[in-house]
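The two complexes that follow have subunit A in common; it is paired with subunit B in the first and with subunit C in the second.
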Partner chain A sequence: MFHYEFMIIAFVVATMLALVFPLLGGPVVYKKLSSSGDALAHSSLAGIAIGLVSGLNPMLISIITCVVSFLIIGVLRRKFGKHAEIGVVVVLSGAIALSGILSGYAKAANFDSYLFGSILLLSYEEVYVVAGLLLVTLLFSIFFYQRQLHCLYSEEEAHISGIKTGWLDLLHSLLFALAVAIGSKAVGALVVSSMVVLPTASALLLRKGYCFTLFASLGYSLLAMLGGIVASYYLDWKPGATSAGIAVSALLITLIVRALVTFFKKKALASRG
Partner chain B sequence: MRIKSLRKIRFLLPLLGLCSCGPTQLDRPLVVASFYPVWFLADAIGGDAIDVENLTPAGTEPHDFELVPSAVRKIADASLCFVNGLGMEAWTDSLLPSYQKKTIILSEGLPTQSVDGAVDPHIWLDTALYRQMGEKVLSSMVQALPSYAGEFRANFASFCADLTEMEASAKEIAASIAGKPIAVSHAAYGYLCNEFHLKQIYINGLSPDQEPTQQTMTQVLDAIASYGIDTVFFEELASPAVAQAIAKASGAKAESLNPLEGLEEDEIAEGATYFSVYLENLHKIQEAKP
Partner chain C sequence: MIEFSHVSFSYADRALLKDISFRLEDGQFVGILGPNGGGKSTFLKLALGILKPQSGTLTVTDQVIAYLSQTSGRDDHDFQCTVEELVGMGLIGRKKWFLNRDDKKKVEAALHRFDLYPLRKKLLRELSGGQLQRARLAKTIVADPTLVIFDEPDAGLDEENHHRLVHLINELHQEGKTILFVSHHPHDLEEADAIYFIEDGEILSYQHELERGHHHVSL
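Up next is the complex of A and B:
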C-alpha cells in the first residue's frame, strides 16, 4: 500500500487533519454549535463558487467566507440566546443558496471536484498547507489549554477572572474556519462536517474529564481517518465516505458498549443487594 | 514499564506487513484511458499486445466520475494514461507530478468549437479529429513501449480502415439529414452537427445534469413547435427527466442518442463499438422529423 506515492501523501495528510479536527472541533461541540461545521463547510463551497466565478483564488475566498460565516454564527448565537442552533441554520441556508446559484455560472466539473475533494489527489503544496495548519493548531491548543478550558466551563467566570474571552473566541473561530476551508479542499465538504463533531461526540460518551475526552477524541479521529483510508484502499470505496462511516460506527459501538456496561453493572449490583 | 507498553502495541505489528509488499508486478504493460472514446482508441491500437483499462466504469457518466482508490492505483501502475482534456477529466490537474508526466492529453493542439462561450469537449464526435487523437495515441505508445511498435502500427492501420469504412457509410446518410434541426438534452453534438450540417437545439449546455431555467424550457419548446420536431433526444447515462418533461410538454417522443461518452456494460457485451453507435446515432437522427 505504501509503495504508492499517492497513498503515502493521503496517509500523512489524513493523520495531520485527524489531529486538527477534534482539537478545533471539540470546543465547537461544547458550545453547542455542532452543526456549525456543516454550515461552514457549505460556506466554504459558496466561497469556492465565488472564487471560480470571479476568477479569484477559490481557496482564499473560501477561507474568508468561512471566517465571516463563523463570525455571523457567533453574533446570531447571542441574538437567539437559548436557540443558538438557529443561527447555524440561517448561515447554512444562506451558504447553500449562494453556492447553488453561483455554481450555475462556474464550470460544473471544477465545482464538483471541490464539493467532494479527494484525499487521493493531493499535491505537495496541499501537504505543506495542512502541515502549517497542524502546527498553528497545536501551538494554539497547548498555549491556550487552560484558558480555553476555563472559557468552556463558564464564559462569564473566565471573563471576570481576566481572560480576554472575546479574543480567544475570535482566534479559535479563525482557526476553526481555516481548518474547515482547508479540510474541505482536501477531503471534501461533506466529510469535514462529520469529522469535526463525531470524534468529540464519541469521546464525550466515555464520560471522563476534559483532558481524557480530548485525547480520546484524537484517538477516535485517527481511527476514522486512517481506518477510512486503509479500508477504502482494500474495498475500493470512496475514502471520505468510508472515514465518515467509520466515525459514525465508532460512535454507535461506543454507545452500545456503554449501555451494556451500565446494564451489567446494575445487574451485578442488584444481585449483590 | 517500557517493555509493557511495547507489548501493548504488539497487535499493530501485522500492519507493518502492509508496507512491505512491493509494487504490483505486471507481466504485460498497462495503459489506462479516462473514458470510453479514449479507451476505445487506446484499446484498438494496443490490441492484444498490452492491457488497456478504462478508468470510468461502464455505465457511468464521465462528468460524474470520481476517482476511487483502484483507479488512482491503476494510473500509478500504468505506463501511460490517456485523457481527452478540455475539462472532461477535472482530476487530471490534481494528479501528482510523477503521474502527470505519463498523462497524455489527446485534445491538445486540436482545433475546438465552443458552445455558449465555453469550449466543447466532445471532440471525439468529429471523425477527422478522432483520427488525429488516434495518431497521438499511437506515437506516445510507440515511444513508451517501443518493443511493441510493429503491433501498434498494424493495429492503428486497421483502426483507420474501420474508421474510413464508417465514414463512407456516414456519408450515405449525410445528404438525407443535412440542415436538420435536432432537439437534444445536452449540447454534446456540436462537432457532429458541424460535420453533418445539423442544428442542435439543446436544453442543457455542456453539463448534462444541470437543471434548466424556465427561460430555456420555454425557448426550447418554442423552437420544437416552430420546426415541427417530433423527437427529443436524451442520453442514457444522464438523467432523462428533463428531456422527457420537454417531450411530454411538446407532444414529441423521447428517444435516446448516445454522445459516446460511455456505453452500458450490456451494450459492450452485445458488440457495440464507437463505430456502430456513431452510425446508429445518425440513423436515429435520420428517422426523426422534420
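Up next is the complex of A and C:
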C-alpha cells in the first residue's frame, strides 16, 4: 500500500486532519452547536461554487464563506439565546440554497470533487496547507486549553476572571472555519461535518473528564480517518464516506458496549446485595 | 473595596438602577435582599464589571474578585468534566494560562476543605445538588480572592446543604475576605455587617425598609 506516493500523502494528510477535527470540533460539541459543522460544510460548498463560477480561487472563497457563516451563527446564537440552533439552521439553509443554485453553473466534475473529497489526489502544496493548519491548531489547543475549558463551562465566569472570552471565541471560530474549508477539499464537505462531531460524541459516551474525552476523541478520529484510507485501497470505497461510516459504527459500538457494561455492573451489584 | 457613586443604569428606556450610592469596605460582609426584577442582577453585573455605569462613577479596587451564581437554571450536570477539573478552572484568569505543581496543590487543598477529595474524579453529573454547589464554591475560592460575590448560591438546595453553604460563607468572612451576598433569606445574613434592600432600582438600608413595613416582601 505504501509503494505509492499518493497513498503516503493520503496517510499523512488523513493523520493531520484526524488530529485537527476533534481538537477544533470538540469545543463546538461542548457548546451544543454540533450542527454548525454541517452548516459550515455547506457554506464551504457555497464558497467553492462561488469560486468555480467566478473564476476566483475556490479554496480561498470557501474559507471566507466559512468564516463569515460562523460569525453569523455566533451573532444569531446570542440573539436566539436558548434556541441557539435556529441560527445554525438559518445559515445551513442559506448555504444549501446558494451552493445548490450556483453549482448549476459550475463544472460538475470540479464541484463533485469537493462534495466527496479527493484525498488520493492531493498536491504537495495542499499537504503544506494542512500541515500549517495542524501546527496552528496544536498551538491554539495547547496554549488556550485551560482558558477554553473555563469558557466552555461558563462564559460569564471566565469573563469575570479576566479571560477575553470574545477574542477566544473569535479565534476558535476562525480556526474551525479554516479547518472545515481545508478539510472539505481532502475528505469532502459532506464528510467533514461528521468528522468534526462524531469522534467527540463517541468520546463523551465514555463518561470521563474533559482531558480524557479530548484524547479519546483523537483516538476515534484517527481510527476513522486512517480506516477510510485503508478501506479505499483494499475495497475501492470512497475514503471520505468510509471514514464517516467508521465514525458512526465506532459510536454505535461504544454505545452498545457501554449499555452492556452498565447492565452487567447492575446485575453484579444486585446479586451481591 | 467597591464604591458606587450616583450610578444609574437603564435598558430600553427602563431605569433599572436609579442614582445608586453604595460602599463596600475591605473585609466587610454586606447582604443584599430584594424582590426579583428589582435591580439586584444589574447591581451585581455592574460590580463585576460585566456592565458599565451609564452615569455616576463606580470604583472597584480589589485585584481578585470571585463570583458564585445560583445553580438552578444552569446546566452544570450536562457539562462533562471532573470535579478536579472544575476546581482547577478557578485558578485560570487574567495572568494564569496553565496549572503548575503549586496550583495543583491549591486545588487539592480546596477539595479537602469542602470534603470533595474522594469525589475529585467524579463527573459533575454524578454529584448531588449540594455536592455540586460545594464544588462550585471550591472553584470560586481556590484562587484565594479578596472579594467574593454570591448571587443566591443557596437557590434550589435542601435545608442541610443550605445551612452548610451559609456556614462556609460566614467562615470566609471570618478569614478576612470581603463578602457581597445576595440572598432571598434575611436569616442567611445574620452575620452581615450591613444589609441593603434593592427594589425598583433603588437601594435602601434594610433597617429602613423594616421600619417602612416592607419586610414581608422577602420574609
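Basically, the second predicted complex is superposed on the first by the 273 of 273 C-alpha atoms of A that agree within 3 Å, B and C clash if a C-alpha of one lies under 4 Å from a C-alpha of the other, contacts with A are read in each partner's own complex, and residues count from 1 in each chain.
Note that in this section a residue touches a chain if its C-beta (ideal position, glycine included) is under 8 Å from a C-beta of that chain, and two chains touch if they have at least 3 such contacts.
This is a predicted model, so every value here is computed, not measured.
S.K.: Please determine, from the superposition on subunit A, whether subunit B and subunit C clash or fit.
M.R.: Overlaying the two complexes on subunit A (C-alpha atoms) leaves subunit C and subunit B fitting together cleanly.
S.K.: Quick check on the superposed pair: does A:Ser118 touch subunit B, subunit C, both, or neither? Answer first, second, both or neither.
M.R.: first
S.K.: Taking the superposition on A as described, I'd like to know which of subunit B and subunit C A:His3 touches: first, second, both or neither.
M.R.: In the superposed model, A:His3 contacts subunit B only, not subunit C.
S.K.: If we overlay the two complexes on their shared chain A, which of subunit B and subunit C does A:Phe140 touch? Say first, second, both or neither.
M.R.: neither
S.K.: First (subunit B), second (subunit C), both or neither: which does A:Tyr210 touch?
M.R.: second
S.K.: Have a look at where A:Tyr233 lands relative to subunit B and subunit C in the superposition and call it first, second, both or neither.
M.R.: Only subunit B is touched by A:Tyr233; subunit C is not.
S.K.: After the superposition on A, what does A:Phe11 contact: first (subunit B), second (subunit C), both or neither?
M.R.: In the superposition, A:Phe11 touches no partner, neither subunit B nor subunit C.
S.K.: Once the structures are superposed on A, label A:Phe176 by its partner contacts, choosing first (subunit B), second (subunit C), both or neither.
M.R.: In the superposition, A:Phe176 touches no partner, neither subunit B nor subunit C.
S.K.: Enter the shortest inter-chain Cα distance between subunit B and subunit C once the structures share a common frame, rounded to whole Å.
M.R.: It comes out at 24 Å between the closest C-alpha atoms.
S.K.: How about subunit A: which of its residues touch subunit C in the complex?
M.R.: Interface residues on subunit A, with respect to subunit C: 30, 143, 145-147, 149-150, 152-154, 156-163, 204, 207-211, 213.
S.K.: Which bits of subunit B are touching subunit A when the two form their complex?
M.R.: Within the complex, subunit B touches subunit A at residues 18-19, 21-23, 63, 66-70, 72-73, 76, 87-88, 90-91, 94-96, 98-99, 118, 207, 209-210.
S.K.: Given the complex with subunit A, which residues does subunit C contribute to the contact?
M.R.: Touch list, subunit C to subunit A: 48-50, 65-67, 69, 74, 79-82, 84-86, 88-90, 92-99, 121, 123, 143.
S.K.: So in the complex, which bits of subunit A are touching subunit B?
M.R.: Touch residues, subunit A against subunit B: 1-6, 9, 104, 107-110, 112-113, 116, 118, 120-124, 230, 232-233, 236-239.
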